[in-house]
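Comments concern the structure below.
First chain written, first letter: the chains are A, B, C, D, E and F, and each begins at residue 1.
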Amino acid sequence: MRPNRLRERFDAGQAAVAGWLSFDSQYAAETLGHAGFDAVVVDLQHGPFHVDAAIGLMQALSATPAMPMARSPSLDFATINKLLDGGAWGIICPMIDTAGQARELVSACRYPPMGMRSFGPARGVLYGGPDYFDKANDTIEAWAMIETAEGLRNLESICAVDGLAGVFVGPGDLSLALGLPPTPRWREGPLAEALDRILQAARAAGKRAGIFCTAKEMAGDMRRAGFDLIVPGYDSLYLSSAAREWVAAAREG
Amino acid sequence: MRPNRLRERFDAGQAAVAGWLSFDSQYAAETLGHAGFDAVVVDLQHGPFHVDAAIGLMQALSATPAMPMARSPSLDFATINKLLDGGAWGIICPMIDTAGQARELVSACRYPPMGMRSFGPARGVLYGGPDYFDKANDTIEAWAMIETAEGLRNLESICAVDGLAGVFVGPGDLSLALGLPPTPRWREGPLAEALDRILQAARAAGKRAGIFCTAKEMAGDMRRAGFDLIVPGYDSLYLSSAAREWVAAAREG
Amino acid sequence: MRPNRLRERFDAGQAAVAGWLSFDSQYAAETLGHAGFDAVVVDLQHGPFHVDAAIGLMQALSATPAMPMARSPSLDFATINKLLDGGAWGIICPMIDTAGQARELVSACRYPPMGMRSFGPARGVLYGGPDYFDKANDTIEAWAMIETAEGLRNLESICAVDGLAGVFVGPGDLSLALGLPPTPRWREGPLAEALDRILQAARAAGKRAGIFCTAKEMAGDMRRAGFDLIVPGYDSLYLSSAAREWVAAAREG
Amino acid sequence: MRPNRLRERFDAGQAAVAGWLSFDSQYAAETLGHAGFDAVVVDLQHGPFHVDAAIGLMQALSATPAMPMARSPSLDFATINKLLDGGAWGIICPMIDTAGQARELVSACRYPPMGMRSFGPARGVLYGGPDYFDKANDTIEAWAMIETAEGLRNLESICAVDGLAGVFVGPGDLSLALGLPPTPRWREGPLAEALDRILQAARAAGKRAGIFCTAKEMAGDMRRAGFDLIVPGYDSLYLSSAAREWVAAAREG
Amino acid sequence: MRPNRLRERFDAGQAAVAGWLSFDSQYAAETLGHAGFDAVVVDLQHGPFHVDAAIGLMQALSATPAMPMARSPSLDFATINKLLDGGAWGIICPMIDTAGQARELVSACRYPPMGMRSFGPARGVLYGGPDYFDKANDTIEAWAMIETAEGLRNLESICAVDGLAGVFVGPGDLSLALGLPPTPRWREGPLAEALDRILQAARAAGKRAGIFCTAKEMAGDMRRAGFDLIVPGYDSLYLSSAAREWVAAAREG
Amino acid sequence: MRPNRLRERFDAGQAAVAGWLSFDSQYAAETLGHAGFDAVVVDLQHGPFHVDAAIGLMQALSATPAMPMARSPSLDFATINKLLDGGAWGIICPMIDTAGQARELVSACRYPPMGMRSFGPARGVLYGGPDYFDKANDTIEAWAMIETAEGLRNLESICAVDGLAGVFVGPGDLSLALGLPPTPRWREGPLAEALDRILQAARAAGKRAGIFCTAKEMAGDMRRAGFDLIVPGYDSLYLSSAAREWVAAAREG
């Protein structure tokens, strides 16, 4: 089975860097997959598509150096199972509020007896190889998003869930949960305190911490702060910001 | 009928700036359509899709400030007709080698008696309004790409074709045609001379000139040189270059 | 942010009229969007598609005068969130049985602190404009369908739910719930009584009332009865009934 | 092999009536297929789709009483071959100008030695049955559209082409070719004369005549005039006209 | 309404044989539909697609002798409803653990008052005919998968659920639940005992029993053992095993 | 640039074996790509799809050991260019009748000055790597199908075309061209003689010879006869024949 590329980074003492895909274009997926990321996360929560397109996007990513991951739209057992069948080497699940939910997430990502994932012939085996069943439980990672008030309250018990790879911060929703505007202010104030607390809790529990970054400076700051998994921006931000720069170059350059 | 936004720019003495779309994602199309372009060109020649996807992309563009245009895959009458039916307000046709081909292009873009475009109930009318048939011949523009050795030889006769809106330079293919590497060197040498000649020929014939630019500096240079329609870069370049910058910010920032 | 067109009608003392789309064709969507409706509802419950197609249909509607709305397939938080991200300016949720469910529906349609909707970069912002986040909670409407025996029993408590825009009657399912055949008899009998009760309850609670109509006469009757939101028929009924008329004209006309 | 349903009508001394599909929705296709037509023509010329969608639409039609046919986007050998492979029991080809083109059309629809159609394993055999190869040349029909000035000039020689099933009038384009507005005036004037001439020429050559009708009255008139194949209206006209009636019923009924 | 073909087999004292589809290709669906099966099950659990593709696959199957069925991705009311609307004549639901879940499944498959299925105009009626509503409750079958430890514990109470057509064994997951490797050993040991127990329980309750078979020998064995519904293999197994045989023939034959 | 896997076989003195894909399912593509073939040919001539689907299928193949190739629907310059942009490492073009057509084919597959292929940013570069432009002309192969009477007549001059990789036999169409039934009889008679002549002509011209085989025995025979590229069967044949065997095992095993 293809190894988990995030862990290769972690084992080398480095942060892993993942891309974020919300365009339902396999060509865009490949473009991101060749841009230097360790993994690319297909976003089924805010991306305008569901599993049909998502699996195609993971198929496209499978031909690139980047490892396919998926953000599930929710803690839905069947959807998570299908994303794994479709070749996701990791699941990031939004809005985990409780340890019980985190346990459900882990269960959905593991075959019995460690979980309740259903076994079926699917492309994960094609992409992963004939030892997929034997190694999947150890290779595939489940990440719980901390981004609600309740999730923050239950942070330590969530971090303690056995089999969870890590916690992943959604700073926009977390800002809203803290009564702040959605554009994250990560350097000071309540969000900064929450990020610090999350990082500490993850470490204390022997788990990884990841975060979605909405500014380049944030990405560097978060890596230096110790986050293991950095998502620096996302496809539609790349496209619109670069397009605006080129338009300006054409009109005024 | 919605007016031709390029002409509004031209009439104001400005260059028009168009985006270039090769991702078959309607969300990417909308993202480009809101990025400040006057038009967005759906590329059926090098983009990994044909008319089915292209019309969907033009539908998505129709809800943005950018006017939908299309680069046809070739000088194929039926395909050009369908792209117009699908709501293209302008066609850029690759590899026009002769004045005869340019006349075919114009004919495919115009209803009789000015051309041979077929009339049928289609979404152009929905997007354009009930006066579409009456105004389409005057509103929709046909641009001939000059990018082959033969096209360059026949430049003046192509520019003289009645009803043609302008000539549009494909600098990569034109470089190859001139025996140069495909990455355009627009500031000096054979390509620079050809660009100058094309611009002169267009002006002499009362036609517009447009160009695809692969560098920001090229976009500004071409506008200053007098090109009327500037395409500064393209979606996959935006995505990959911005992604690389953000990856660097995450790893080293 | 684009205003809610239904409210413009309501504020003018008029009923709003919405189309109903179950064809997964963007061209059909645009055709309906230009047919005179104030809004068009993309039906994910009985339409043969899920969110991928639905968002494309809303993209197509975005270029028309009709405001995009969606009937969600069920009270599923993630699906409702994605439809909103995809540009729905209103959600109609089937089979609301209890006030608790109605509150969940409202919560799914509102950002914190008024609800639990997740914030993410998505096309709603493109379609709606940069003030989308600030105005979305006030602009986007949630409608609860009353169409089960339990929903009818809990009608008043459902109508009392804060933030709910209105109740919307599914007369076919409601007829079944009342022990009647599915083709609605709206003028007398148990269904007529239920419709009257629903209308009264909505008014008493300061909420709007809407209804799906399966006959032209029903549409007029319901408007005169005081329903605020009228859905007169649906696409497949239009297509099949008109087709039959034209077939008859060809064979016997 | 399933028989040609048009011929069953013709053999019974009746006109055949075909539907016209431009919505790329398989559900819309089935809806039309159950509306009483003898056949439904999938329109690849003005419909916003190409062969991928068209074959899906014919698959959907295959489960209905209506026989699948296709209007090809042009006289393109490979496209016509693929539509046949996809299960079209008849091809209507636009803009046939000469007898030579009509012969090419016939050739594309027939296996050697009667034509140059390529043989390959495809769904036509699934839909048609194991005797498909043996009977296809005799069952599948090719219709040439007469709708240009040149086609009208060459009418008699086109009608004389061996193997052609009939000529089919595109009255919108033909009106343009005659210098008239595109909305057909079929009862008098140049178009009426042309229709009469086409009908006579077809009969004289032992060929069938068909026509696309844009009004119910036209459909009845054309049947009475002797046209064999009547296409009464089309899907988007059905949808928009019925929608407008229902909107009026809701607003004013 | 088209009859249930499984029952025709059962009534004739025969086992029914169903195909299993995980390729999201309508052409593959038709190919299976013409291969001699009584039904073909579209697999939404492990197949790489959701309802959009699944309904297209059922449309394709509708033109074949095989009756369309679907395995739902989970016990999700809305999804099951939509698959029925899409023309499934039977639902196989994975991972039924309790009688309560089995009752929910039955309810999702039946209109009131026997269940809570929602009534709406959809393609089931097109495929089934105008008496669809009257006969659907009696024709469409719900099958509960027994494949978890909990489901096995509750086997008898699940079998006792009124309206359930039968139980269907997922031998891979059941093996995992029994602490065995996922490749089923059906002839002896714990799985063989479980299969026997399931068959007995189904019979005792007057229900049918079905099973998914991963080897040809297993298919024959299970039929002889008394299983009513046999699924012999699945599409991707057919394709890969046959391909390997042909590759060997080419390289070494 | 990834090397041409066929040549690796040829250089090792072996025949190459290619799969044949007509299912528009990326999962089916991957399944074939992992079944032991050196390459898989996406069939746009008889497969029910065009370039949009074909490029997705090649993306899926890109993650497998099999090299992506495509059979173009015809000798259409723009389509062949797009398939190459989409990552085809080889083109098989049907129905090449003359040396002039073969030269056009070669030209469409090569950048200037060796051909007229257009250069554009596309996924071929992603899949192939940054040296794609430099090596594409030498790596990508063009194969001309010999399957018509005229092609057979012009065999030697076709084989002499510079830059052509080889000739590829379509035995079904060639049989028809020879006045035989479409199911190939390769062991004796006119087809056997033609195959021998083609093989000799290819060798005499220093070109490769390939053939599509419709029986396992034919595949072995053709390899032994000296054909370089063997296509043993095709996906729909695999699926239907294996399905029938499994049905038999279930019913009678």
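The rule is simple: a residue touches a chain if its C-beta (ideal position, glycine included) is under 8 Å from a C-beta of that chain, and two chains touch if they have at least 3 such contacts.
Since we're looking at a predicted model, the values are computed, not measured.
Trainee: Of all chains present, which has the mean Cα position farthest from that of subunit B?
Mentor: Measuring from the centre of subunit B, the most distant chain centre belongs to E.
Trainee: Pick from A-F, B-D or E-F: which pair repeats the contacts of A-C, with over half of them the same residue pairs?
Mentor: B-D
Trainee: Count the C-beta pairs in contact for A-B and for B-D, then report the pair with the higher count.
Mentor: Between the chain pairs A-B and B-D, A-B carries more contacts.
Trainee: Measure off the straight-line distance from the CA centroid of subunit B to the CA centroid of subunit C, and report it in whole Å.
Mentor: Roughly 40 Å, centre to centre.
Trainee: How many Å are there between the centre of subunit D and the centre of subunit F, using C-alpha atoms for each centre?
Mentor: 34
Trainee: Two-or-more-chain contact residues of subunit C, please, as numbers and ranges.
Mentor: 22, 24, 26-27, 31, 34, 47-48, 50, 52, 55, 76, 123, 236-237
Trainee: Between the chains shown, work out who touches whom and classify the graph as line, ring, star, complete or other.
Mentor: other
Trainee: Under the definition above, what is the set of subunit C residues touching subunit B in their complex?
Mentor: Residues 26-27, 30-31, 33-34, 55-56, 59-60, 62-64, 123, 126-127.
Trainee: Flag every residue of subunit F that touches subunit D in the complex, lowest number first.
Mentor: For this pair, the touching residues of subunit F are 22, 24, 43, 45-50, 52-53, 73-74, 76, 94-95, 147-148, 170, 172-173, 176-177, 179, 182, 234, 236-237.
Trainee: Give the list of subunit B residues in touch with subunit D in this complex.
Mentor: Touch residues, subunit B against subunit D: 50-52, 55, 76-79, 81-82, 85-86, 111-113, 116, 118-123, 133.
Trainee: What part of subunit F is in contact with subunit E in the complex they form?
Mentor: 15, 17, 19, 22-28, 31-32, 34-37, 47-48, 213, 216-217, 219-220, 223, 230, 232-233, 235-253
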